[in-house]
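Note sheet for the following structure.
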Amino acid sequence: MKIYNVCVIGATGTVGQMFVKLLENHPWFKLTRLFASRDSAFQTYQSAMQNKWRQTTPIPAEFAQIEVEVIDKNFVKGDLNIVFSALDSSVAEDIEPYLAALGLAVFSNAAAYRNHQHVPIIIPEINPHHFEAIRSQEFDPSNKGFIVTNPNCTLQAAALPLFPLLKLGAIDKVIVTSMQALSGAGYPGVPSLDIIGNVIPYIAQNEESKIADELHKIFGVFDKKTKVFDDYGFSVSASCNRVPVLNGHTLSVNFSICNDTPIELFEIDIIDLWENFTPDLGLPSAQKPVIYMKESNRPQPLLDQMAGNGMTVSIGNLRRCNVLDWKFTSLLNNTVRGAAGGSMLNAELWVQKFDQ
Amino acid sequence: MKIYNVCVIGATGTVGQMFVKLLENHPWFKLTRLFASRDSAFQTYQSAMQNKWRQTTPIPAEFAQIEVEVIDKNFVKGDLNIVFSALDSSVAEDIEPYLAALGLAVFSNAAAYRNHQHVPIIIPEINPHHFEAIRSQEFDPSNKGFIVTNPNCTLQAAALPLFPLLKLGAIDKVIVTSMQALSGAGYPGVPSLDIIGNVIPYIAQNEESKIADELHKIFGVFDKKTKVFDDYGFSVSASCNRVPVLNGHTLSVNFSICNDTPIELFEIDIIDLWENFTPDLGLPSAQKPVIYMKESNRPQPLLDQMAGNGMTVSIGNLRRCNVLDWKFTSLLNNTVRGAAGGSMLNAELWVQKFDQ
Amino acid sequence: MKIYNVCVIGATGTVGQMFVKLLENHPWFKLTRLFASRDSAFQTYQSAMQNKWRQTTPIPAEFAQIEVEVIDKNFVKGDLNIVFSALDSSVAEDIEPYLAALGLAVFSNAAAYRNHQHVPIIIPEINPHHFEAIRSQEFDPSNKGFIVTNPNCTLQAAALPLFPLLKLGAIDKVIVTSMQALSGAGYPGVPSLDIIGNVIPYIAQNEESKIADELHKIFGVFDKKTKVFDDYGFSVSASCNRVPVLNGHTLSVNFSICNDTPIELFEIDIIDLWENFTPDLGLPSAQKPVIYMKESNRPQPLLDQMAGNGMTVSIGNLRRCNVLDWKFTSLLNNTVRGAAGGSMLNAELWVQKFDQ
Amino acid sequence: MKIYNVCVIGATGTVGQMFVKLLENHPWFKLTRLFASRDSAFQTYQSAMQNKWRQTTPIPAEFAQIEVEVIDKNFVKGDLNIVFSALDSSVAEDIEPYLAALGLAVFSNAAAYRNHQHVPIIIPEINPHHFEAIRSQEFDPSNKGFIVTNPNCTLQAAALPLFPLLKLGAIDKVIVTSMQALSGAGYPGVPSLDIIGNVIPYIAQNEESKIADELHKIFGVFDKKTKVFDDYGFSVSASCNRVPVLNGHTLSVNFSICNDTPIELFEIDIIDLWENFTPDLGLPSAQKPVIYMKESNRPQPLLDQMAGNGMTVSIGNLRRCNVLDWKFTSLLNNTVRGAAGGSMLNAELWVQKFDQ
């Protein structure tokens, strides 16, 4: 199989580190270059990460000696095929189209282009056909380069459990309340004085609306004729909180299904759909997308964040809701599946299905 | 004014300590006796609390030398008027009716009798008229002794903010997601290995249904003729989580109002109702029941639990909900307003309004 | 008594807030002006502190409407008498001598001038006579303005317990290992990702040597003839660690005393010295400097930081050391006694004893 | 190579779980039986561990269906060769000699027999020759069964770094101050209300003296003629604290060496000894015993506990001490190297060197 040369831009931050970690021994991708801001550039990755590498395993030896380059418009494409972007949105906005214009496949964790009319937000198990949208992108006149994004981390803890339930009928109402981990805020992120022994009922401007908007887009359809995303028509309301957890976003989800059939729905029907939700993606990073835990006090971020190497959403506590129809708890590893792992899976999907 | 002799039963636990603390310098109540299990009895309170007193101020000097008595059926009433019960429900079930039968006014934080058809669950600002129910109690044939309870701590963070909004119309749907503090589990309570850096999506068997059931009762009417509580007819769904916070329960609340008038409701209309919610109870422990905080990242348990000496529910983040009508965050001091302080206020209300 | 007009410079940070809080209702000092960097200036203190005030009680109403001024060399003295400095050392280095030159009494929490040969580091119960040194300062030719500092917070948890033991003989060796709170790092300070569930064996460049150097100076003598500080001749070694505690530095202290008398020393002899260490300072902020706790698991920062309104060092666990002579645990409220409260006490001492 | 049949007694607790985890895929040991108290017995291990298994990886599939047996004196030896004991000392005291009497090799993490005159406390890299002592044990008249212990977890973070320094001269003074993790207290262990945001300057009765006593024994010599342990003659003083860390004990260590040579010692001399401390044990669980980290803020429990799969002590911050000669920070994984992993290594050593 063809090996793709990949780089990570924004390689020194929390998400950038996770990209580097996930690329160790990757069967399809060869990490050859690393980019960061001027502060970290012109030295080896090992040296740039002195006191910044915050993983419990060391920097992969194969990457430690790569010299970090500055990310700017003097970028030379060389033999690169794929860019993984861990940039802040404000920087991504300027740089990502520039890289796409060079003919590069840009897989971005940044929010900058998620609302763009021709940029898809992909979760491979849910909306792989949204890749179609990249043909309408105008970043690269030759139509080789493009931008594909993965969604806001939090919503994936709702999206992956809800998707297989569409077999039961349309989902029309979703209320999520999140308890989000600190790693989601990057580094240095939340000051310890603010959060030890505390809850902060606020994440960032637009976090709550982003969750609703992106869910609408992801569950929607890309209309091949009009080249436009047609949003899925449910009502979504998110309330977001920060809690003193290092990694792993926990969600409390309430939802309603329009079940047109006269057959009453039981808990086991929903749990069966989760257990049978086993799309055969055949991708190196793919895992079972969701698992259901029977213990009444699970999932928990401390114990369950590494389910499926961090790619699996753990679900628990399914029970009837007196207001909407059902409620459950879910847990997402926000740095793996919710960030770098999500983009990795998107890139793998593109390589396998769409790159001819 | 008459001074009432009071005792605390279950005086060594988390809630018992708070009763003792709140009774220091109380203008109406004189704490004369303290009761606990056999382990702690037959010694002074000071000595019994060695390594157990977990308040940041010392044991009130006036109570330190009281000799702790065993709580059992050899209880001698003496000149006591009022009992504050901080017992576990399993113990309360047996003892509280016995004390009521002795002619004592029992103000209980235990859940044992909250579902009893003639035992009211009182929040003085909301349903003081439920005191009427005690006349139908059969614990004391002479009808002097009775049991009055305060509600489950968590629901008060929803009940106090929602009550003044009834002026706008009936509330018909409420979804609450709680992030509850460790002090709510008593001592030793939650093991540190379970909760540091973690969230547990479970509190206790029936915690979620208790919140719904008790809200229905509190917002309902006590029918003087039939002597029965008539539940308030809204749908309530609670999802309860434990977070690594020492004290202070945070709630995310979504709700709908049946607003029959054609006038559109704005945020300021709701905030005005909260700011104008100033019942003049004239009780020593009474404070403004709710305050609204304008900062987008408040309330927070670490900073706001002591609002109104712990008797005020702090509210913030009022915003429209795409599924129900509105949503907000609220914070309750679960050991003060949510437990001992709630019972204290009930006893003060009884003394002022109902004890003739 | 004469009322002194005081200002706080660096009023928006962690220590600045504590100065403001401690000046509420102060009997001798009237806070009339507040200074900060350009970011916070030209608005009321209330407005400048939006989302920055991190105390559990609100901004004192009397100070909320003071307009914050820029701290720079356009400083106009007006009717000010005293300056409390909560500046970072790098800023203090430039500004404090300038203010002293204007004839102001500068009481500084900054480290910038602690090593200056004529600037004393004062702990009122230990070395009040070091005030003598200010006469040799050359900041203000008229000799009215001066700089007086309080020490590094951590060392006070060793200095105050060790000082009364000098009655037993010379202390010749001290080893301290600190477990320091997050508030000591200011705000935003330590990132939460670094410290939740963790220990960091590092505070700052020179933290450990500062502790030794300042202890030598404080326990030393100011020679009136040579105008030079003569260091106390003991060996001091500090090892400093950051722990996930919000406020309150805990120290493990080992020490040796040169006890020349043939009488064997018992624990009770040392504890008696601590209990009888009651200097009658007669100052508004003065409290018993140390207390000894008999419980074997005390002091603890969560429970004991507010002893003596945060001005008292709590000591516990005195026991023999197999290597040096004795060891104990001590706890200091690093934001009160260790910072703003220490400077406050110094200013009160100057007003009472030295300002004629 | 011969495969040894092993069992774990006390298999459901914190240390017991770690034994089970470490025995997965062990090349020499086959875990065939699991023992616990009556509460957990008579069901599969999977079922007994419902809500008790607190590892981030699942119960090894090969052990999940083993039926848990009661640990008592009806114990049938069967084809067992080795017992790993994770019992509490009070239970171990009675049971371990009984099992040794059956001819079993008992490798115990319990403290019950560490002071016994013929029971060695083994750290394979330090005192393997202490195995000699088991020949003097009288538990089993046939002299096949015996008890070997691993030491108190905390002291190993001092013992392993100090041992290679003996090449420089005798170590004569050691002061350690510990910051110990919560997993060291077992489960449920320390209540969360006691430790979140707090430090407790107390571990357990005798924790500090155990560290000194066991260090003396381990560094000492077993006299083959007198059959007695001859303690190493240094002075050791330990001060022990509990901190809110899940796993990993951090130590601050000060020590003196009697260096008789006239050559001055530099930091690099000590670091070299640590880097060259590579005993070739040839055991499956053996790793480099210590590593030195150059970053000034390391080691940290959150980042470094898994060094060498949890078998390596991480050292940092070596610097001169003004009171003793040197000081450093060290970190031990208290559940792996400090408990189950330590016993595992002892058993492997016995199999390889002493079982003929």
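Per-chain numbering from 1; labels A, B, C and D assigned in written order.
Here is the rule we use: a contact is a pair of C-beta atoms (placed from the backbone, for glycine too) under 8 Å apart; a residue touches a chain by one contact, two chains touch by 3 or more.
Source: prediction; values computed, not measured.
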* To do: Check B-D against C-D and say which one is joined by more contacting C-beta pairs.
  => C-D
* **Chain pair repeating B-C, as identified from A-C, A-D or A-B when over half of the contact pairs by residue number coincide** => A-D
* Measure off the straight-line distance from the CA centroid of chain B to the CA centroid of chain D, and report it in whole Å. => 48
* To do: Express in whole angstrom the distance between the two chain centres, defined as the mean CA positions of chain A and chain D.
  => 42
* Centre to centre, by mean C-alpha position, how many angstrom separate chain C and chain D? -> 42
* To do: Would you please write down the residue numbers of chain A that are in contact with two or more other chains?
  => 54, 196-197, 244, 246, 297, 302-303
* Asked: Across the complex, what residues on chain C touch chain A?
  -> 14, 54, 182-183, 187-197, 244, 246
* Structure fact -> The residues of chain D that touch chain A in their complex are 50-51, 54, 56-57, 196-197, 295, 297, 302-303, 305-306
* Sites on chain C touched by chain D in the complex -> 173-175, 177, 179, 197-202, 212, 235-237, 239, 241, 243-246, 250, 252, 254, 296-303, 316-317, 321-324, 327, 329
